[in-house]
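Mind looking over this structure? Questions follow.
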């Protein structure tokens, strides 16, 4: 069976794949966290490109968007917290590099051997005209509950993240009885009640 | 080129991303770098999901949903990771996992 | 219902004891005695009203005082209890021995409330095991006895009590798990998927699969053998006995060991008749080896309590010999096998009474001199004639003298087993000679010759732990010799009834045989299927 | 089984057995408070028993008490047949006489209640034994006899050695009793029941086993070879006990039992021969032992075994009537001699032959009785044992056996001669007195009376061999047709006995040092038979097993742990803290394994990752390989 | 369609009540003064109880799948719903002893409710993606709860927990992807049809990945490493919640996976789970063997308990005894485990066994309850876990895994070592050694008395209730099982 991907698309997939892997490797090779962040972003964007080639433009868009923002956040985060954010000094912060390499390579080899040796099933039916529509129907239909639970999970993440990350809460701002007229913030501003 | 060959190429890329991600997660000391390793591995998952949809089961939305869920996992894990990092940084001025070894045995 | 009351009355009493912290220690023990006495009276009433019936009673024939309630319906385990000729004597024995222990402990001063509660708990567990007609119920009570006894040894023992208690717990717990595994095998092996003993005995599981049946029997047999205990699973016994308090030892040897042998006759034989027949020779051999091993090792002991403990191994060996012989269907006829079985059951009761008395008597030694070492006592017949007489009676009973219950048991075991297993029986008979020798030697050393009593080590210990500053005057005080007082009232009241019962059962065996024989005949028939 | 079985008869039997037993138990329970009335009560009881025995002997009652319910013969069945009738009367009579003697002989401050308690119990047990018709009751009585003999031999437990002699006696007889247990089993297996009389009809091998068991039991009880030595120790008991034990009870019980089961022995063939040879050889060897003794009671003890040997021989060769006659006659003879020995011991404080020089002359009445009894023992015509012994020997077929029997008869004359030579000699001074205890120097009239009565019987029971008496006896015993001795045989044996007796007396008169030489020979030490009964091998075995038990079995549990430790300890670090004991090595091994199990928990996250990844990899391989 | 969805939403009433409790509690907390957050606790407890009641009402209904088969409601779900709700209620009460008055008290309860919701979702998931979503929901609140105290140990616990969770999440996603690649679908029913024909390597990676994720939630080997560290790092009350509640859902999820989609897969998932079970129980028991810290000891004990639970998972598809066994053991485990942690919480200052013994002092009832609970963990009759163990052993044997039964029996004996150490210390040591002689205790009688007084009231009550419940559940097994498992 010949693929219905045009040749350029196959070429693009291969090229982008190589790029994503290379960028991925770069994440752990470069000597600064900021650079690592951007290498990671590159990898994501390459994968998003492959998604486009695979006729998943919506998912590709979402991926690119989300990851760009996430990486931006990460960069900010690292500037806030991390030592050596911009690669001002060389760093290696690894342990057990050899063992990790063995395990990582092992995983890769194992998976690759599997991928290239097994018999792949044939595709069931054709690619639908509008993949985005299909996804939308799934989200609102067959997989609605999944999205609902994910929603609750996001809710939980927000609360959990807040609890873990912030030291100050409403009682710090408005007093134990919540009777302060204005919030007691170190830096004025923020939301009133 | 057959579809199967392309599928295998794409999956190999995904496997490589997973492998690199695993290596990163296992080898890095910095919490954030470990998280990056996982992101990379999830990147491979995401690619695998897309490949599954396009090459194998385009009629069902399940594989697309896998991609969506993978994205969500990436996002929330990152968020949670930041929170955890901040918490331990506040408590102990530590951002390396090797320095958090009070609990053992 | 009556049976349920009998079983749980001690537990309720235990609860009352724990729930009433204001109760004084002495009052707690008195309450214990009262509860045990009432329980015994109820058992006596049950015995009075018990009618073995014209047909063989046994498990299948329909036990008396039966209660059958659903418990875990998914696995068809139930609260199924009942009494037949096999369990009634043991229930009565339990009542008697526990009452004796209660009376014996009247002067217990170390945490008497908990002590009494534990024993009452143990009593419920023991009664429950004997009355259970459901494997799981049996196991539940069986396991609880381990727990209770563990605390008795660990909490009130002496010497290396905690180590011994742990060893006891671990060892017997291994056994109980093997038992549980075996029970599960029975459950899964049967057509009807039930834990009910009556149903299982009526329609034995695994009848057509000798390998599976054998394996299940091995599991069950292992569990029971550890508890019994049979050679080579007996090594927990001497330690546990040596370090347990006297009443604990009496219960351990008098009642808890019977759980194992009772399990054989109640579970292994009727429910796995095929496998029991097939492997009966193993039981016989295990029994004979236990007989000889226990007797000879007891002979070499220098510690009274260890010696008595090893004779338990010996005595339980006879039980297994009898039960094993009952499984050898081909070479022996029904009459002989029934006699062997009756003898085995009789031995359980007899051993309970006699060994209980022996352990309580050894407790008297401990309470006077804090040692069980044979060499440190002598000529006790002079200062303590009643003690000497009691010890002599118990010893002669234990060595199987006619006129005491042990003879009835051993005679029947030998007589019944000979046809089935002649060589084994002839070897086992030697056991009664060795036990005779060891008991007579012990009597000779303890009771006759010059009066020897140990130094009061307890007193010495008390001195040494006294703070150095104020104790100089007392520290130089010479060690005082123990005063060997004869049996005191509560000791007398606990030990003598046991011995009287042993004599009664030795002289008028029909009292017990009328109950046991039909049930034993039924078991023999069940095994012969 | 002849005779009627009425309720009245059963009651007689029950009281006959039960009265002494109950009286005995009552005395034992009452303890020292009953010391004063113990003697009279015992005499009263035995008198009643004697009367009842006479009634029972005439009435031939049966009595059955339910015991084991499953098989025929499981009951406690007593019945009086011909043999039993004779024995019952004998036992009751000897019991009565020895009780009277004991009442006279025992010091007033002794624990008489205990003594007579056991004494009566013992008599009851013997009465039961001789009336027993089923295995259970036989065994019960048999064992009780052993136990009470233990108590009686060890009566003076305060003195060192006494109780241990009792222990030896009990253990030896019990070792033999094991045969009875086996026989009971064999009876059940072979006949489906436990009735004694059914035994000859048992199936093949079981019959042999039963015969063997009974034989062993009887030989042990009767102190036949090779289980004779306990009898020597049994002399530690008070003299009345010896008188009772060695005449009509205990030692006689074995002989009685063999007579009782003679048909069984005959049916097996080999058992009869074995019994015959055991009896004959015992008569010979123990006769020789008796000759070499320096202690009167020891001499009498050995002679008892020897004389009972003739009874055993009788049972072996099928001379039941002769055996019975020998049993009865010997009872009278030996009781008389022991009463005399006991009375002398009490009076002079010694039982050494050297010390008893001229004893018979000091108190003439007792001396006369003893002399008559000794003469009877020697087999001098026309006294009892001469006739009965020949009655036994008349049944003997083989020449070898006959020669041995005759030789044994001669030996009995020799040892009787030794006794007579001493006690009839001119009295020496009192220098040898009070060697063993303080003597009273007086012989109670009761003792003399008892001895006299016994001596009369010892002399007169020879009539049992007179055909006019012997034939009814055979009829009574149901063995009509057993051969009787010819006149020639009687003359021969009588002559041999008389000759040997006079020869011995003369020899000892001329060469007193012969006695000393004999006393230094191995014979004096019971030819080392005691060593057979040594507990040492058993104790050694016991110690070995006990060591095994502690070192091997107990450690086996721990050994499992040790093996585990060796595998686990490769990398495990040493952890010194002790966790509560437990089965130590198991605990130790488990602790090490536990420490090893905790080592992955390093607290280092990347190591967690690596381990998890590696573990998952292994699992993946597992999944792929095992399908 | 709309009516259907209404009915389907109604079928999720227990979950909705939990969610409403969480959201409502959070909102209520916004307007609640710091010292009066007890009302949020009341809301949380009420929500739990309401959820339990709703679930119990729905229990007798026949099994069904709603939301296009992504959510299964059957006996397993029902039992997990009830158990989780009740366990959460108890955990909320237990936690209140340590978090009452804390500025984030409200959030703690809300997070517990959310985690409970996620746990139920795990158990009910009929779709791999829902499983992933439930995994997230059941995990994230716990990270925060683990580090709730925000002290050094707590944050380290949270961090380790999170990082192990992230790793497992990746594995889970990897597994899901592999299964999708193999079958093209994520729904359990369709997976069950397609997996037997799928390529083995993909199926292997998929099964392993998914089960690894579930095993992480359950705390099973080889992804159990977080358990001891998190348990020891956080407070006893939180540890009780973390080691009890999520496991219920995880085990149920594993059970459902093994019973349906993986039952006939081209790889032997059953064997895999059996190996996991064996490794978990063995490692947990061995590692607990010489622990002196009570929390770590209990942590390892939970690892071993998961091993026993996984036994029944391994035979999920092989015997009809599996469902009752799972039900009984889950309930028994929940009660007993919470009780054990309540015992620790009763003496919050005590970290080692001897501390604990000294702190409890002469309070016999407390010791009695502890003995009941610990013997319950051993599986001594007549406690609930005994009944569970019996059922589990039976099921495993019936499922042709006798070797596992034997191993479990051996492990039970091994577990006795460390439980007995604590039991003996509690029951015997107290009186055997004078209080001042305990090795960690400060000299002099004064401070010891202070420790005695520092036993907390509420956890003590929970301990007693758990002990009683353990016995009642065991003795009354017939009664409640008849309700839970109608024929």
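Every chain is named by a letter (A, B, C, D and E) in the order it is written, and numbering of its residues begins at 1.
The working rule: contacts are C-beta pairs under 8 Å (C-beta built on N, C-alpha and C of every residue); 3 or more make two chains touch, one makes a residue touch a chain.
These numbers come from a predicted model, not from an experiment.
Using the contact threshold fixed earlier, the set of chains in contact with both chain A and chain E is B, D. Centrality annotation: C (chain centre taken as mean Cα position, compared with the mean over all protein Cα atoms).
Across B-D and C-E, it is C-E that has more C-beta pairs touching. Between the Cα centres of chain A and chain D there is a gap of 100 Å. Chain D has its Cα centroid 34 Å from the Cα centroid of chain C. Put simply, the C-alpha centre of chain B and that of chain E have 27 angstrom between them. Per-chain CA centroids place chain B at a distance of 65 Å from chain C.
The set of chain D residues touching two or more other chains comprises 580, 582, 598, 601, 603, 605-606, 609-610, 613-614, 620.
Within chain C, residues 162, 166, 170 each touch two or more of the remaining chains. Residue numbers of chain E whose C-beta contacts span two or more other chains: 129, 133, 136, 140, 143-144, 147, 150, 158, 160, 163, 167, 184, 200-201, 205, 228-229, 417, 420, 424. Touching chain pairs in this entry, ordered by label, are A-B, A-D, A-E, B-D, B-E, C-D, C-E, D-E. Per the touch definition, chain D reaches chain A in the complex via residues 606-607, 610, 613-614, 617, 620. By the touch criterion stated above, chain B contacts chain A in their complex at residues 1-13, 15-30, 32-33, 36-37, 39-40, 43, 46-47, 50-51, 53-62, 64-65, 67-69, 71-72, 74-76, 78-80, 82-87, 89-90, 95-96, 98.
Residues 95-96, 99-100, 103, 106-107, 110 of chain A are the ones touching chain D in the complex. By the touch criterion stated above, chain E contacts chain D in their complex at residues 160, 163-164, 167, 171, 200-201, 204-205, 207-208, 212, 221-223, 225-226, 228-229, 266-269, 271-272, 275-276, 282-283, 286-291, 414, 417, 420-421, 424.
Listing the residues of chain E that touch chain B in their complex gives 129, 132-133, 136, 140, 143-144, 147, 150-160, 162-163, 166-167, 169-170, 173-174, 176-178, 180-181, 183-187, 228-230, 232-233, 296.
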